[in-house]
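What follows is subunit A paired twice: with subunit B in the first complex and subunit C in the second.
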Partner chain A sequence: MPTTSPSSTPADGTGADGTSSAAGSRAADGTSTPVLSVKDLEVAYRTGKDSRVRALRGVSFDLHPHSSLALVGESGCGKTTLGLALLRLLPALGEITGGSITFTGDDGRAREVTDMTASQLRRWRWSEAAMVFQGAQNAFNPVLTVGAQMADTLRDHAPGRIRRKEILERSAEVLRSVRLEPRRVLGSYPHELSGGMKQRALIATGLLMRPRLLVLDEPTTALDILTQRTVIDLLAELREEFGFAMIFISHDLALAAELADRVVTMYAGTVVETGSTADIFSSPRHPYTSKLINAVPPVRGDLAELASIPGAPPSLATLPPGCAFAPRCELATDECRTAEPPLIPLTERPRDMTHAAACIHHDQVHHERKVIARA
Partner chain B sequence: MTADAATTDAPSGAEVTGPPQRRAGTSLGHRIYHSFVLRRLLRSAFVIWVVATGVFLMVRLLPGNPVDVYINQQIALYGKSYEQAAAEAQNYFRFDPATPMWRQYIDYLVGLLHGDMGTSITTPGVTVTEKIAHYLPWTLYSVGLALIISISIGLLLGMIMAYRRGGIIDHAVSIIGSGFHAIPNYLLAILIVVVGAVQLGIIDYTRMRGNHSPGVSPELSFRFLSDIGYHATLPMITYILTTVGTWALIMKASTTQVLGEDYVTVARARGLKDARIQTNYVGRNALLPLIAQIATQAGFIVGGAIFVEQTFSYEGVGLLLFESINTRDYPMIQGVLLVVTITVVLANLCADLVNAALDPRIRLGEGGAA
Partner chain C sequence: MPETTGSTAPLIELDTVSQVFHAKGQDLPAVSGVSLSVDEGEVLCLVGESGSGKTTTARLAAGLAAPTGGAVRFRGKDLQSMTRAERHEYRRAVQYIHQDPYASLNPIRSVRSTLSIPLRKHGLAHSAAEVEQRVDELLTTVDLTPAESYRSKFPHQLSGGQRQRVSVARGLTLNPKLLIADESTSMLDVSIRVSLLNMFTRLRKEEGVGFIYITHDLALAKYFAWEGRTAVMYLGKIVEVGPTPQIIANPQHPYTRALLDAVPEPDPELAALKKPGGGLLSAEIPSLAALPSGCAFHPRCPLAQDRCRTSSPQLKPAPGAEQDVACMVVTDPASSEASA
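Take a look at the complex of A and B:
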């Protein structure tokens, strides 16, 4: 189990964490309490009166302060569901059916997100865990100015009344840190901003309360390549400046390679491989991860090497009995089709960086090392 | 200079000569041409003229004319001879059906430009304006109040239905609301009278009919206000029941759509208070598409419901229109329909302005005017 991280020493963990500075502590000793600890999380969507589809099946991972984690996988593998479930924002038909999400705040107090009441949840959201959504184009209310929406956020989280001056100062500060001009953006309506500006304004809104955790769901998908670049550079900088832990949901592996310390590969609602970014990209141990990496255009070399993965992810309603990836896998044997393999720890590393893969043939996954990076 | 002249717009600047003035003339012409409000006003005036003309012509297409109708009535009701009735009509009416149509039309338009809608044919000496001013307050009161109640309840129900889709309120209002929506208001009025008053006897129809009880005069007193409230109850119940379900269903659809928008999920993620999300984020956006629909109801407020007012003997504009059509009182019909037209046009103008105030995306469209 990869989640048996050295985090089981909460006493000194809290102490170390409380005093750690914002920047550069992520390569730390491995004694800190995770900001977020997800254990055996199960999410199901109701599809009919008595029928359900299991969208997440036993997802576990830890996220340490100031670290960043990339959730990668094809469309429909449960990445976004996981992101929404973390903030308890699942649509009406979705439901957390098992497992736990434990959040540890700055005060070192661990809280169970799945047990929070509506009002606890409301106060916890954004002040401690914020989320930047896929497609920022619609993330702002079209009839209110960006400034008014930032003010709403501050007002509803302030313990008492908050002065206009303070609202303006705090809004302007985060806007400046995403390199937007506060005077222009605060008075603008969402439709008056470009896509990239909206995305950055949304990130700025996310930073408004200085959360400990920032979940980013495909933050660059709707943007052109140059704007993407700007946003990625910005995120790396902001993480240094604000010191939040980051979960980065993306199907773009190059992006993951650049921004994340750790990668979690998801397939059919479950984690199939986890490990440090370096381990995953140099020697993936699950055939699915390996194929995902091969599907990214290389910087050097022949485009003909680009390999798509034949077939499509299985329907979550009718999962095969064994490994969910078996029907698309050339390494699959009869053993794969009978029982679903657990995550097998491969290389022990500190601070939850242990490389693990849910594949019984992990030693047969040969990966041709190649350089991938963003254009 | 040449570059400037080349970039100025030729068509609107054509009336001014000389390059320097031409530039100023263009911007002024442009400004008038592009003025949102001015263009809307001109268009409104055009619509009113078209409707006034159409009504003028169509009224005269009705079989018979005021004099004929009067003569036939006298013959049928009092058994007078044609000659006798015709002679009476001659004395009674100041209207000559033989006047050429174009003459009548010119007189009508000229009168309108002076704010004069003419004189009633069947009640000589009373102007159309006076008569409308006498009937209109009753319709404004009964229909206006009923609509305010109906829209408020409807929008509220619609929002509740959207938040609790599949709940009891949702199902009940959907079924009852669409049922009542399918019943025309005059039929419901008749049902109220037949079932409520005649068969069950729970409604004192003979006392409730009319605008107010005899002997009660308009004044600002509790007695008068409660009396007109009592008399307006039946028509108002009719209006509310037949429209409230529709408003609820429209609002439900609109709210449901807004609830699915990303910005609502983001607002929840931002930990905003529920009350704020429901008003500023959901309510305001759900209401936008409904404003135009609410504006179209303005015609109903001043036009009244002909058959409902007739059924309850409620002396409002609807009843006035009904009687005017029966007696072919041309200026009266024209007057009532003109008032309805002007109100609808003005209400739409207001709806545009309200929309612009609530939705910044529309405001942008007129930015060129400033």
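Take a look at the complex of A and C:
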């Protein structure tokens, strides 16, 4: 069950899709039209001649201009699939089998991403919606300089012909925004840059066309802690400077706590909890989110016990009946094993920040860190 | 079980060890004059960014490389002058757990085969039944239960977390006294990481296994080594070492402070407690091939003074703290004006 924006009432799949008019889209944060509105999105991967697995099941959320949303969950829960599906970048075996992705650009025109043709996609991607892929180490082509790859992006996506001088100017400008020295980086091959510099150059490439939406997949994984910090602080500043809306995918809840306005927890291809960062961290109401938070050690304060989540996420090909998390959940009852719970709205908040959890035992989730030693 | 030689000698001791690599005609001092020791049931965390020398230090302790200076001793015996039998004993007692579960298991060996080879080679199990029983015990220890559903699996049939556990089980086959675990390159899910650390703590407390744990994340060091020590390394040297709670609550070296400030908190309220201004002057670690003069940290240090550019600091007790620190500004604040 999706929660839709302006009045934050749980929608029953009606009305909200009436494609917004130009009016209001430029309004300040308050009551703006979402940049991205995802409704009941379904994605399947072909696994054989006649077999498919459902990788995403009924995913819905809205993303407002200038806001920042974290997609969290363990490996295999569908985070990356969702990120790729949003930009229609799924691998050949993957396919959007249902639902809608509505993008509203600066002009206030709502467009259906799932209906875009190849040439429309080409114009839309990078200029209005960009993605920073997982694994900074491998995302650049190793035999081209960073400057050449940035120039390619500009030539492919900028409207009309673009002059060499402008390419250089625009590349240098975004590199300076991510605190890189354009002179050094433009002429360098990827292997000549450190991991942190590569990640920043990738983010700069994503920002070349000043997109309204930036999707980042695990932007800090495999980076050193100090480099991670640089990238986290940089993303917060760039969001101010460039004014994009951001979706970032991470298995580390700590990153969400620092960067996101809103958190969406995914499990087995579906949304199990969503809410403002403050609500999610102070009182998670899905046992899965609570356990994810308690698996990350805080460095400040007392020494708290950490607990792992028993078992592993289910295979998408053989989902258990009912709630997919039930086999790993100590609150699970027979009822959980028969019907999959819908997202239940818990706390009404404005601007699509309503806290909702897909758990019939949400009132029994008591989130706390057990202190084992005082600092 | 193993006969102890020196009764007071630590299980493993690194005595001013150095490791200089040679590449492209240059000397790269990856580790310089590092001293530390770990006993049975103890835990030591090595913390630092890539290039700090923590992995090289761990490899020296594991005997995977010979130091170019100093000595590594196992129960007081220098690794370089061991007899065959002593070396055999050391090899059994100290195990290195490679933390890339995708590269460290032989893809064409089943779990049973991976675990039974060291058992047979070291004569710890003879009959097929004995081997089977020991394999099952090992799988149970690492929480791969029921064991019979994992024995015949091949690595590609296991998840990343399960492979990691098989890796640990292999490290445990020979009843080691010290496990060296390198997490610095790991990209494991948070829940898998925690379950491994909790398993390690159980092994330490119940079986008296000692640990050297390598990470770049002080939050993990805090959790795993609260009852032990943490050594922070920078460009091949220990810059701060002491009881973990003190390192976390009362860091002395500006580099330790920067590492602490960098850790993202899984709690917006704790994140707000962060003190501003712990930042470094530069995000990039210098190259070992061109080490800065004096204190190697000075180009990035917010506290650097003129004397830091010329003389290098020694590891000394920090005034009013329980740890040792290699920073003149901290240990000799009085002489700061004297040198210009």
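Here, the second predicted complex is superposed on the first by the 337 of 375 C-alpha atoms of A that agree within 3 Å, B and C clash if a C-alpha of one lies under 4 Å from a C-alpha of the other, contacts with A are read in each partner's own complex, and residues count from 1 in each chain.
We take it that a residue touches a chain if its C-beta (ideal position, glycine included) is under 8 Å from a C-beta of that chain, and two chains touch if they have at least 3 such contacts.
Source: prediction; values computed, not measured.
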Subunit B and subunit C placed together on subunit A: clash or fit? fit
Can A:252 be said to touch subunit B (first), subunit C (second), both, or neither? second
* Asked: So, does A:308 touch the first partner subunit B, the second partner subunit C, both, or neither?
  -> second
Comparing subunit B and subunit C in the superposed model, the one touching more of subunit A is C
For this session: Would you check which partner chain A:111 touches, where first means subunit B only, second means subunit C only, and both and neither mean what they say?
Result: neither
In the superposed arrangement, which partner chain does A:227 touch: subunit B (first), subunit C (second), both, or neither?
second
Going by the contact rule set out at the top, does A:39 touch subunit B (first), subunit C (second), both, or neither? neither
Return first, second, both or neither, reflecting whether A:52 touches subunit B, subunit C, both chains, or no partner chain. neither
Once both structures are overlaid, the C-alpha centre of subunit A sees subunit B and subunit C separated by an angle, to the nearest 10 degrees, of 70
- Task: May I ask you to decide whether A:210 touches subunit B, subunit C, both, or neither, giving the answer as first, second, both or neither?
- Result: neither
Min C-alpha distance subunit B to subunit C after superposition on A, in Å, is 9
Residue overlap on subunit A between the subunit B interface and the subunit C interface none
Subunit B contacts subunit A in the complex at 261-263, 265-274, 276, 280-281, 284-285, 288, 358-361, 364
Within their complex, subunit C touches subunit A through residues 49-50, 159-162, 185, 187, 189-195, 197-198, 216-220, 222-223, 226, 245, 248-249, 258-271, 273-274, 280, 283-284
Seen from subunit A, its contact residues with subunit C in the complex are 74-75, 179, 194-197, 221-222, 224-230, 232, 251-255, 257-258, 277-278, 281-282, 291-293, 295-301, 303, 306-309, 312, 373, 375
Subunit A residues touching subunit B in their complex are 87, 89, 121-127, 130-131, 133, 135, 137-145, 152-153, 156-157, 189, 191-192, 202, 205
